[in-house]
Each structure stands twice: as C-alpha cells, then as structure tokens.
Amino acid sequence: MRISARNRLKGKIVEVKKGQTTAHVRIDVNGMVVTAAITNDAVDELGLKVGQEAYAVIKASDVMVGLD
Amino acid sequence: MRISARNRLKGKIVEVKKGQTTAHVRIDVNGMVVTAAITNDAVDELGLKVGQEAYAVIKASDVMVGLD
Amino acid sequence: MRISARNRLKGKIVEVKKGQTTAHVRIDVNGMVVTAAITNDAVDELGLKVGQEAYAVIKASDVMVGLD
Amino acid sequence: MRISARNRLKGKIVEVKKGQTTAHVRIDVNGMVVTAAITNDAVDELGLKVGQEAYAVIKASDVMVGLD
Amino acid sequence: MRISARNRLKGKIVEVKKGQTTAHVRIDVNGMVVTAAITNDAVDELGLKVGQEAYAVIKASDVMVGLD
Amino acid sequence: MRISARNRLKGKIVEVKKGQTTAHVRIDVNGMVVTAAITNDAVDELGLKVGQEAYAVIKASDVMVGLD
C-alpha cells in the first residue's frame, strides 16, 4: 500500500517488547533509535522480529518541533 | 522542558512554509527529511527559520511500523 | 508497504479539497463518508482524485469509542 | 456531548479485551471491524460490553489515505 | 454522545480563526487558554462562536508529560 | 527544550500507574485531573512521582471541541 503519511524512516528493528495489549518496537534509523507503540496484534500480523528491515511511519500532523 | 515523548530526532530546518493557520516545517535529520505540520503560531513563537538546529519530536504512540 | 495500523477501510474518494497546506479528502466507505486531513503534498504525491479506490487508514490508538 | 471529530462510525461492539492499562475494543461497522485502543478506565466508565451499539470516533487529522 | 476520551476540560470559547481548511479554536479553561486545531467543517456544523461554553476534549494517548 | 506544542498545562502529579508497557499519569491542573497515557520508559527516564510539579503537554491538532 502507498500511504499518505509523509515520514517513512528506514531502519532495522532492534527490540520488540510485548505487553498485554500494547507492544514497543524499536527501530534503529541511522544510529538513532525510534520507538513505536503499536498493538500486539500488529506485531503478530506483520511478524515483526529483531533484525528485520522496517520503516518508522509517522503522519506529519503528529510531528512537533523542539529547540534547545 | 524535559518531555515524555520518546523520539527526539536532531537535525536542521530546511523549509518553513506557512499556510493560513497550519505550517509545514521540514527538518533534515542525517539526510532524511522529516515533515512536521504545526500551527503558524508555534512557528512565530519559536522563531523557526531555515538553517536552525531543531528536533523533530514524536510521541511513541504516533509511530507506526511498515514493512516492504 | 504493509503497515501496522489496524484500520484500513476500503472505499472510493468522493472529494479532494486543498487548502494552502492542508487538504481534506473524503472517502465513501460503504455509504459512510470518512474525512481525512492530510498534507497537500501527500495529495500530489499519491495523485489522489475523485473516483479512485482508496483506503482510510487509522492507527488503533487514534480511535475513540462513543455511546448514544 | 456533540463533538468536533468528523468521523463517527456506528456499529456494534464485538470484542472488549483489557490489558493492564490499555484495552482494545473492536466495533463491527457494516461488516468491517474497527479496532480502538482506549484506557481500561474508559471501558469501565462507559460500561462497554460485547453486543452494545457504539461509535468508532476519529478526528480527521488522524486519518491517512492509502492506495493499493 | 458519551465519549471514551479521558479529558474533557470545560471552558469558554475566546477565539475562532478559520483558515482555508483548518480552524483554530481557543477555549479559556479556568484562565488557561487551550488551542484546538479542527476542521472548518466542524466549526460550521457545531456553530462555534466566541463566548460559547465548550469543552476541550483530548484522548489520554495524546497527552505528554513535561518537567521544568 | 522549547516545544511547538501549543498546550502546556501546569499542575501536580496525583497518580502514576504503570502497566506492562503503558503507564497512566494523572496531573491535577487547577482542580481538573488530566490523564496522560505514556510509556513506562518515559516515566522512568523522567522519574515521575506523585507530588511533582509537571505539565500536561498537548499538540493543538490533538484537541477536539465538544458542546453540551
């Protein structure tokens, strides 16, 4: 599927941690680790595993800007 | 302010485009461009300008995972 | 791309309305019209047009439950 | 309460699964199942149960568009 | 409608500013001004006007925590 | 960090409840309790505790408007 979300950051999955309903998936994107909180069901359906290539996908309206 | 958002990607602002109420700010993070849709008011308050160092800040629950 | 978002509702685009930065795309899903607010850039990149088959894609953590 | 959220999809609850803090509620909307991740507290306060009529409520800025 | 969103902050509308597609509505909640970015369509459908009593409604998964 | 999020409501933490991956943090803001669903990791990193002064931080595009 092609998706309207503006941000698709390619990397490699470095951690998959499931809770009771919500899982945390960490993706290393060029040395920065991006954390995604998704459903356990999505982890199972996509078969997400450490070492896989994957994208962190983020809608532009969910990105804020910060300054030091 | 220290913030709970898990994802703070450091980069440099490469575009600031204001609409009537919503602005798009693009931040180059290690060669990947991240787009943020924020209010014009936030752009003005923070004085966001091309060339500034800035962070793309994203709550973990707003990150999805995609596979090729 | 396969995506972790749990909700992918298939329908047909019935309206594309661009603002200065933000566009509204309406998708008829079995007679219910779903409204998406996305960037103009996404509309252009995907070439979204009235009459196209498309999905409304929604992350589970963005869905609320209401009762009458 | 009348709410600004553009998308209110009427259906029937087909599953309520509570985790430690986050619950998944599935609503059958004309044969499509929509998944909502909400707090356990919300499930309790609203008394959500399988078989109830309910709405999946989604803000337009949380809807993406996908193409095959 | 009763809604699962955990946060419903009662106040009074102090500003309604429409753009081409997105409007900003400001609600004074006990002296704090909360800004909502919603569709122009929602403003029209609800007939939002300065001086009205209204709620700022926010899903718990969209709230972050900050420390000084 | 200065952040683009428009809404920063100052209060005091009145509850921190961790699940397996997701925590609920409640902040009393002038007598209104605001609930945030954040990661356990964020709770640990920030050292969030009952009694601390903290802000509920919310992006404007995540705020809806409701009417009675």
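Worth pointing out:
Each chain gets a letter, A, B, C, D, E and F, in the order it is written, and its residues are counted from 1.
Here is the rule we go by: a residue touches a chain if its C-beta (ideal position, glycine included) is under 8 Å from a C-beta of that chain, and two chains touch if they have at least 3 such contacts.
Since this is a predicted model, take the numbers as computed values, not measurements.
Between chain A and chain D, the least number of touching-chain steps is 1. The chains that touch both chain D and chain F are A, E. At the interface between chain C and chain D, over half of the residue numbers appear on both sides, which makes the contact a same-residue one.
The rotation relating chain B to chain C, fitted on Cα atoms, amounts to 120°, rounded to the nearest 5.
With centres defined by CA atoms alone, the chain at the far end from chain B is D. Annotation: 22 Å between the Cα-based centres of chain C and chain E.
Centroid to centroid, with C-alpha atoms defining each point, chain B and chain F lie 21 Å apart.
Averaged Cα coordinates give chain E a centre that lies 17 Å from the centre of chain F. The residues of chain D that reach two or more other chains are 1-6, 8, 19-20, 22, 24, 35-39, 41-42, 46, 55, 57, 59-62, 64-68, listed in rising order.
An unclassified topology is adopted by the chain contact network, corresponding to no line, ring, star or complete arrangement. Every pair of chains meeting the contact definition is listed here: A-B, A-C, A-D, A-F, B-C, B-E, B-F, C-D, C-E, D-E, D-F, E-F. Residues 17-20, 22-24, 35, 37, 61-62, 64-68 of chain E are the ones that touch chain B when the two sit in their complex. Remark: chain F residues 1-5, 19-22, 39, 41, 59, 61 touch chain A in the complex. For chain D in complex with chain C, the touching residues are 3, 5-9, 13, 24-25, 27, 29-32, 34-38, 42, 46, 48, 52-68. For chain D in complex with chain E, the touching residues are 1-6, 8, 36-39, 41-43, 45-46, 55, 57, 59-61.
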